[in-house]
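Presented sequentially are two complexes of subunit A, the first with subunit B as partner and the second with subunit C.
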Partner chain A sequence: MEMLSIAGSVFSAMQGMQQAKSQKAMYKLQALQTQAESERKALQYEQRANDTLRNLNKAIASNLSRGYAGGVVGFEGSTALINTASGRDAGRDFMFDIQNAENALLAGTTQAEIYGIAGKTAYTSGMFSAAAGLAEAGYKYSKIGSAPAPTSTTPSLLIS
Partner chain B sequence: MARFVSIQTNFTSGELDPLLRSRVDLKAYENSAEKAQNVICQPQGGVTRRPGTKFINELGGSPENGIRLASFEFSVDDSYMLCFTTNRMYVYKDKVLITNINGSGNDYLDTTGYGLVGSHLDHMCWTQSADTLIAVDEHDAPVKIVRGATDSSWSITNISFASIPKYAFTLTTSNPAGSITPSDVSGKVTITATSGVFNASHVGQYINASPQGRAKIVKYTSATSVNVVTEFPFFDTTATTTGNWELETGYEDVWSNSRGWPRTVTFHQGRLYFGGSQSRPSTIWGSKVGLFFDFEAVEGLDDDAVEATLDTNTYNAITDIISGRDLQVFTTGGEFYVPQEGLTPITPSDFFFSTTSRIGSKEGIRVKQLESGVLFVQRQGKSLSEIAYSDTQLTYLTSKISLLAGHLLKNPNRMDLRRAVATDENDLLLLVNEDDGSIAAFSLLRSQNVIAPSQFTTEGNFLDVGVDITDIYTVTSRDDGGTTRYYVEVFDNTTLTDCAVIGTTSPTADMSHLVGQVVHVISDGYVESDQTVPAGGTVTFTNPPATSSEVGLPIHVEIKTMPIDLKIQSGTRLGFRKRIVEVNALILNTQNLVINGNLVPIRSLGLDVVGTAVPEFTGTKTLHGILGYNSDGQITVTQSAPLKFTLLGLEYKVSVHQGT
Partner chain C sequence: MAQDPRYRSRGVSLENTRPLDFASVRESFQASQSLQKRLDRVTDIAFSELKTKAEREGKMYAVQNPISLQQIQDAIGSGTPLESLIQDSDTVFGASAAAAQATLLRQDLLNDFTLKLQELNSGIDSNMVTDVDSVIVDVNANIDGYANVLSQIDPESSINFRASAATIGAATVKKALDAAEARNMAENEVKSQNQLNFFKQYWASTLRTDSDALSKLAFLKEREVNSFAVFRRNPKTFSDNVAKFNAEVDSGIQNELANHLIESKTISKFYNGERGEWGMILAARGLDTPDNIQKIIKIATDKIDQQGTLMKAERDAQYNLKQETFIDLYDKFTSQVYSGEEFKNELKAINYPLSVELLKEINNEKASSLIQNENFSDLSLQVQLGKMDYGSIDNKAYAGDISYFQAADLKKQYLQVTKTLKAGNDIINNRLRIDDLTVMRMNQDNPLRTLIADARFELSLAQSRAVGNGEEFDQRTAAIEIAEKTAQKYKELALPKHISTVSRHLKKTDYQFTTGEAFAELTDAEILSLKYKGKDLAPRTYERLMKNRNTLKDIYEGQIVMEMPNE
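The block that comes next holds the complex of A and B.
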């Protein structure tokens, strides 16, 4: 009967070790997924920034053409002012998008690191827990056939 | 020889260009005259003697170098004619000179220091809002003339602009040694340089950075620090090294003493517009809406200042801008307008132009608005055109008003319009001809397509003309004892002579402004013998007036019909020998009439009529027994005395060879 209990403890410890490995792998995957997501967002922002510049070019070209079609010099006066204002607005939007792309990358990296740490922690605690189970099983095995030891409380090493 | 009777029922085509002498096929031929001198064509068809002019005052301020009349309407009851000469502004109201301006003892406002001098006045342009008249010319800073609390209270100041548009007449870029670092990528940014590259004159100039960034310097702090406002953000806040940034300089006030000042001006839809300047003749600037002296364009919002430079395949120096149905721009190369749909306002994003016509207009002659359209003189002064909007074609159409009377335009340099105020009047467009000092007078009733030109001449030269609601003022140059003097006169319907002095019961008239000139003398309506104004200028009436008197220069009235064209069965008789046998003149309220050199008696002679005024006659006066054959068969109607005269039509009997 005691042998069965010892075998169960060993099996449980082995299972805990396997779980710790799995959790670490899962966190690693989540980190990679987060990194990939942030890079995708960053790319979207960069694409939008590029679109902003492309649209600015179109707007300037259109405004310039309208100006000359309207019998005025397109590079001066109100036509130029509208182009400047368009450039100012587009420049601001462009910079926002570039900043957002950087922020998205940074946020992704940070989240991935958090997942990495969480994976490491889960792995370490799982291993500790398994080691404790094995130690307990070894102890029980050493006590088979000997007088019962006096009862005492053993502090748990398991991390809840 | 057969005899035919014909009639000229009206003169609604006025004086016809000699180039049209053979155009008997034109309807206008029947309604015109070969000569219409010192008469006005009436809408009903007759011609009446033009008003004489009353002498008001002699101009000082070197008028020989330049003068300009400008009307100013302060309120319904208070309207003025302003006359500018070098450093002086005279003010007239109700045909009278306003004296003691601002209590100075002067009869003029001293405008010394404001640039309204000499030939600058020839190109002066002005506009008005409430109590303020804004006057511009390209040589001088714009001025504001304000009418104060009374007729004699006037002030003049230079316009203080909140901001003046900038322009780089000479754009320069440089790459100063040293790095610059922006404190932020966009907005209001402080730029710090590693070496002293900035100076105070850089305010208003630009910094361009690579890979990106453009900013306007708005404040100079030190040689290494300036504040800027970005027009395109910097890439980041790291240092931009030498060679990767540049200073773009050359921007300066577009108007200044060195670059010249605006040349035309008008108000339009809440903005003050300037058209052209000495250095930027094709550019139009509009202020911010409601802020007439603020021309700073910042954000391109709808109420922001506007600016545009005309760019077509012609050189377009702006000669006038007016606020009509649209904002209309007149240039030496063509006519343009700013298209607006419905109530859509002009904004910086749609401040564009459409071409109306490619005629080109003359500098110095203000464009005039009729209810039907806008009248302007062609660039070389060779024609008078009208631009009118067609509601059916939804575009502007151009027509040549002077098509049938181009010969009356002899280098015109001034123009004004008196709008009709009575049913027996047409709109009267007056153009002063520089070449001979005459006035081409176009009597217009556009709704009936009436264009009736005539010519005003005087003993001396007309130099300028201006209309104050209904009063027509003119500046003349006349000989006074061998000296040329410059007078302001006003056309007056009750006056029968020019440069006249009107009196009541005084036995003498002070004609010291016309010494040595032969003048007509009228006492209580009776025409006395002509006199030569003696030295000292006092003219004494032979019969001292009991109620009224007038002394002034003669006006030579002449109407000469076109060569008579008889359309008889055997063909035309335009150039064949013929003789006017008899003339029936249909006249209205007329006191004096001469036909083909023959005085037509208006009243019967009797002892009781000697020394009294000739009564006015309305009806038909017949002249018989006219002798002499010629090929033209024309009737010439003149006057031998300064008396009233209106000719409604001429019926005549003509003798001509009928055969083939």
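The block that comes next holds the complex of A and C.
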């Protein structure tokens, strides 16, 4: 019975420590996942920003072609006005996407750092809890007590 | 399809980023909570330890500082609040000490209460305490008093005390009630018995008066009403006492009527139906049935017989006394204390019949004949065996079979056998394992009969010798010696006869007879294995041999065997 209670307490502490380690690993993994996710998101924003630029070029080219075809100098008159408008719109879209990408990266990094801190906290707390549990078990065990060891009644031989 | 010359905005705007999951805060919070719980537990354990320690110390304090009954009395006397005697209950130590002190005090009070109850119980047992009400008041007052004291110290202990005290107090109250009921019942029963005895006397005397039947029946009715009222006080014995009363009424009537019939010599008239005043009484009690009439007549006739028996017993006693006086006088005459004349005068004084033959013997004018002497010896044996008494001895003298002096000697022997030597004769009987009846039934020729008579006669002689020599006679010691001698004589007499019979029976077997002892030691199986010329014996022969073996064994062991084989 005595051995069982000691083994139970030790095993419980080991479990607590293992749990703390697992928790830390889980948070680390979650941080990596978050980081990857934010980078993917940022990449998506960049791709869309690139698409914006491509579409702007296409629109300008088309506008110029049509102007020249109508006898209008491409960089004057309405053609130029349209191109200016297109550039303004596309520029807004592009800048937003670039900002979005930056935001995504910043958010991911921040979240990953949070998970890192959480992992450390969980690990420290788990370890402390396991150690405290072990100490508590030791204290309780010391309080159980038992019959004192019998004292020898055999007279000792005195060698003079 | 024509290309749109203008770039159309796709409405891109700043998108919201996913809300941050503040896992670190959550973890910190959880860690903080976990730590708090852990610290709480540590605190609890520490407090629990301290609490346990404080409780233990509190109990120890209570044991070392119990509240004594004297302290209670002093506190009550000085008007000090009782709660000041116990520890402050606001602390763990104080609460534990107070609870333990209250428990100890409750036990002390309960012990004190029990001692008081024991005193009450002793008083109830010894009838010193007979008032049940005072017992109830006493018990309740004690319970209330103790409980009130306790309630000022610990209400819970007070409640517990009440419960325990009520249980043991109730037993004492019940004891007092039972004792009172038993006393009451006993008193009522005594009254009932007195009533019955009183009635019995007065009913008999009433029946004997000359008053008429109606008056007697009226008296009976009045007694019945009074007596039944007394009987009713004890319901347990009521029906028994009523039955006894009725039995007394009827037996009184039967007895007094029987006495009346004897005194008035009217049994036959009564039998023939002439019942006079008694007829009404009998009819009133339902006693006029043929069976009952027969019963009354039987009572009357039995009374007459009883009177006759009593008179005969009185006559016999007087007769025996006269004979014993005669023996005493005869003794004095033969030992020459009295002269012939004095002896005659003494006999006349007691009205002893003085026949001519007796006077001749006293005057020394006549001696006994040879035939009378022979008869005397035979009759002496019969006296020793208890077959004769004073009357039959006298008859032998009247018939001339023995002289009057011989008759006197026989009477003396008879007196010794029946009275003075009874203890000794009983010892002889026991040693020989025989009784008087068996001796009387014995054949005249049975030598055992003579042996026993001789033993008794020897005891009688030993007594006469001792008295003659002025010595004290110890009949028991003498009887034991005589009985042993007689048993030995019997053995010497009986053994050869039995051995002779046994050896004769064994001749028709293959058994080689050596000694009686050897044969007596044979077992049943050994006897049953005996053969004659290699063949089994008849069943009756086996039975006879076993009987012979048993008889021999008994004789060797010193027992008397009734049957003596013929020569």
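Observations on the structure shown:
We take it that the second predicted complex is superposed on the first by the 138 of 160 C-alpha atoms of A that agree within 3 Å, B and C clash if a C-alpha of one lies under 4 Å from a C-alpha of the other, contacts with A are read in each partner's own complex, and residues count from 1 in each chain.
Following the convention adopted for this analysis, a residue touches a chain if its C-beta (ideal position, glycine included) is under 8 Å from a C-beta of that chain, and two chains touch if they have at least 3 such contacts.
Please read all numbers here as calculations on a predicted model, not as lab measurements.
Considered on the superposed subunit A, subunit B and subunit C are sterically compatible, since they fit side by side. By the touch criterion defined above, A:R66 lies against subunit B and subunit C together after alignment on the C-alpha atoms of chain A. Residue contacts after overlaying the shared chain place A:R92 against subunit B and subunit C alike.
By the touch criterion defined above, A:S22 reaches neither subunit B nor subunit C. Of the two partner chains, subunit B is the only one touched by A:E76; subunit C is not.
Which of subunit B and subunit C touches more residues of subunit A is settled by the count: it is C.
In the superposition on chain A, contact of A:S142 is made with neither subunit B nor subunit C. With both structures placed on the common chain, the touch criterion links A:N103 to subunit C but leaves subunit B unconnected. When the two complexes are overlaid on their common chain A, residue A:T84 makes contact with subunit B while staying clear of subunit C. Of the two partner chains, neither subunit B nor subunit C is touched by A:S5. Contacts of A:N50 after superposition on the shared chain: neither subunit B nor subunit C is touched.
No C-alpha atom of subunit B lies closer than 7 Å to any C-alpha atom of subunit C in the overlay. Note: residues 63, 66, 79, 82, 85, 87, 92 of subunit A belong to the subunit B contact set and to the subunit C contact set alike, using the contact criterion stated above. On the side of subunit C, the complex with subunit A involves touching residues 3-10, 12-15, 17-18, 20-24, 26-28, 30-31, 34-35, 38, 41-42, 45, 49. Taken together, the subunit A residues at the contact with subunit C in this complex read 27, 30, 48, 52, 55-56, 58-63, 65-66, 79, 82, 85-87, 89-90, 92-93, 96-97, 99-100, 103-104, 106-107, 110-111, 114-115, 117-119, 121-122, 124-125, 128-129, 132-133, 136, 139-140, 143. Residues 63, 66-74, 76-79, 81-82, 84-85, 87-88, 91-92, 94-95 of subunit A are the ones touching subunit B in the complex. Note for the complex: subunit B touches subunit A at residues 167, 185-186, 212, 214, 230-233, 283, 297, 299-300, 304, 306-312, 336, 348-355.
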